[in-house]
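Starting off with a structure, shown below.
Letters A, B and C mark the chains as written, and numbering starts fresh at 1 in each.
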Amino acid sequence: MTFPRKDILGTQDMDASEISSILDVTESFVEVSTREVKKVPTLRGKTIINLFYEPSTRTRTSFEIAGKRLSADVINISTSGSSVAKGESLKDTAMTLAAMAADVIVVRHPSSGAPHFLAGHVPCAVINGGDGTHEHPTQALLDLFTIRQRKGSLTGLRVGIIGDIAHSRVARSNIFAMRTLGMDVRVCGPASLLPLEIESLGVRAYTDLDTAIRDVDIIMVLRLQLERQEKGLIPSLREYSQLYGLNLKRLEQAKPDVLIMHPGPINRGVEMAPEVAEGRYSLILDQVANGVALRMALLYLLAGGPGL
Amino acid sequence: MTFPRKDILGTQDMDASEISSILDVTESFVEVSTREVKKVPTLRGKTIINLFYEPSTRTRTSFEIAGKRLSADVINISTSGSSVAKGESLKDTAMTLAAMAADVIVVRHPSSGAPHFLAGHVPCAVINGGDGTHEHPTQALLDLFTIRQRKGSLTGLRVGIIGDIAHSRVARSNIFAMRTLGMDVRVCGPASLLPLEIESLGVRAYTDLDTAIRDVDIIMVLRLQLERQEKGLIPSLREYSQLYGLNLKRLEQAKPDVLIMHPGPINRGVEMAPEVAEGRYSLILDQVANGVALRMALLYLLAGGPGL
Amino acid sequence: MTFPRKDILGTQDMDASEISSILDVTESFVEVSTREVKKVPTLRGKTIINLFYEPSTRTRTSFEIAGKRLSADVINISTSGSSVAKGESLKDTAMTLAAMAADVIVVRHPSSGAPHFLAGHVPCAVINGGDGTHEHPTQALLDLFTIRQRKGSLTGLRVGIIGDIAHSRVARSNIFAMRTLGMDVRVCGPASLLPLEIESLGVRAYTDLDTAIRDVDIIMVLRLQLERQEKGLIPSLREYSQLYGLNLKRLEQAKPDVLIMHPGPINRGVEMAPEVAEGRYSLILDQVANGVALRMALLYLLAGGPGL
């Protein structure tokens, strides 16, 4: 299989058939992590760099495990304890890593657009592991894979995304891809966290949670960045939790088989009650498991290993 | 060989035959690290996570080397630069790692009981890499292996453990296992660092070092946590060193073939003089070398690799 | 091939034939990183420790990639988050790592002489990854390899090293090796950054950049440690840049085919203009690429793998 792309920077410019084919390839990697020997030789001798300018456990670990299960060499670089601390430019860092014959650079960066900038300067593949408030495409793709795994198909499903829509790269990447796939997307949050122009993306905005979750097939709850409170965007955690926290009582308003998602890490008791996170229709751990498979698929597609 | 346990959380609930069989398996791994090619394929395709909530070089490195020599994929997570910093609950972190199909999670945590809590929530194996002031079972097992290697057997040997008994997870894990194996255990330290009820564990308590080390076969010196002084538990490092520091002069009171142990890292000149640490009967570097073998044995037993 | 050395601590005591033979071995490793499968089994089952007491991306990453492409197990230890933070002595740390059967310890340390001290205490190989203001031999060797690759031979070439000569371990290691190989070396910088006795090393000192770069074959620009300004050794970055920054205008004074080098990371616009760094005769990315090959060669020579 030849993949037409050098980089994975966002879902905004992906069409439906590309997304579908990524999810199809992911399918074949899900099984690898269930084997007794969770390892395939696909990317032996390839070099993958995790270049993280923001703290992360789950995304970095997920990429590291994905790379290692494909037999690649994986190198972690985080800002603390690196020459990044010496003020080197992003471009120089990237060109240096490319000169060491890296095959894939996974980059997480607080500045929106950093991975795109970097991709323009290096010959190797770049995967956006989350940039500022812009995109987090691997999260959206694993979310879609998880929904498809449960529901069979995606078109026509109705999703409610709840929380800090304005600052969420997870929300943006999901909105782009879901709209492309013909899903019906609602977003819901306090007015201070709902961008005015959000409906131009083809979604409907709500400030009332009970209304927003009525009749949706999936509720995707976003992590509340606790620093939002300090910036005065929400009055208090307590009020946020009362108005936008998903608990069992509120779920009674929703479809009986509604699926619950969260990109993690969860602020238990703030945006989601523990009983919901661990409840019957929670897909949260499926998202994590599928994250490894999705990242294996992308690394495989970009680093051009031999046939499966 | 089938091992009856999912986790290694402490030595307190291990019986003598279990300890012996762990030490027997360790025997077969000692040789691997002396080969030209220090690697066996035993755990190929297994995923081991080092989840460290406290700084550590030797324990983390020892587990990492052990895992890699068994051909496992090893992932390090430390609190700095991870979403642990974002305040995720220990339970969520563990469930996330388990969902990524980890086989073994090695956890070090400042809270006593954290590994037990975690083991109750994840299907994969958990190894306690040191929890609060509670247990550090892999240290105790490698200590016992090292003594057995030198002395042939353990039953009936007399050991003196010197230092901050009250706060030492190394001391606790050793006391449990040594008593189970029929060893005679003395503990010795300033009264402020000797718990009142310590003799209920079957040991005898001393505040005078010269008396405590008379006639013992092994002296195990604990690291003095330097922050104890700030908390007022010892009057000064200098006085501590004069009263409880092991030096050559003091060793003249002991058996001529007494063995000297220390879990490291040593505060040279505080609890132990350099001449003792590097002296003739010091087992300190044997402890380090055997630590790798013991951890290979435990990883092998828990991750269920094929026969050796 | 048997290599006569246990450690690589500096270039000062290397003779010309030893340097040449290291560069010859490097030659054979350059190709590995251009393969589809960038990996050889040479050091399978060997353990390499990166022990870094100073922050570093490029040197640590270069060694890590080099080790992994040779199939060795590579363990990273950096001062943050390790028992180094607990104040363990360098000697004890090193002996501990050696007891775990490490084959090579790569050490970077702020104290000049630390790797030499360490090498005297451990049976395994030690590579100096940069010590204080003393030596950085792998950087010098990769620089020489890069020049030789472009120019065919080294003897008789004229080099100008520009910048903070007084504090640069890169400059010192290069000066030693270049003089040994019969190269003509000029150093140039502000008087406050030029040690008085530098000419005793067989180089000629300049304070005027235009004079220094006239007729040289290679200009090697050093990174300006920005903290020098705080210490009052340079009046301002701006003035430094005006007097010693290499830009296109200034390059007109130099030979038309002069080669430009920099060990990185670059302070763009301070010691070097971006147009020079990315210009036609810049070898900066060659240096990075060759750094991996040179370190593979040294790891191979020291860890005694089987024939290539």
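As a working rule, contacts are C-beta pairs under 8 Å (C-beta built on N, C-alpha and C of every residue); 3 or more make two chains touch, one makes a residue touch a chain.
Computed from a predicted model, the values in this text were never measured in an experiment.
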Tell me the shape of the graph of touching chains, choosing from line, ring, star, complete and other. complete
Any idea if subunit B and subunit C meet via the same residues, over half in common, or different ones? different
Where subunit B and subunit C are represented by their mean Cα positions, the distance between them in whole Å: 39
At which residue positions does subunit B touch at least two other chains? 80
Can you name the residues of subunit A that touch subunit B in the complex? 33-39, 52, 55-58, 60-62, 64-65, 68-69, 78-80, 226, 264-268, 285-286, 288-289, 291-292
How about subunit A: which of its residues touch subunit C in the complex? 44-47, 49, 73, 75, 77, 80-89, 92-93, 95-97, 99-101
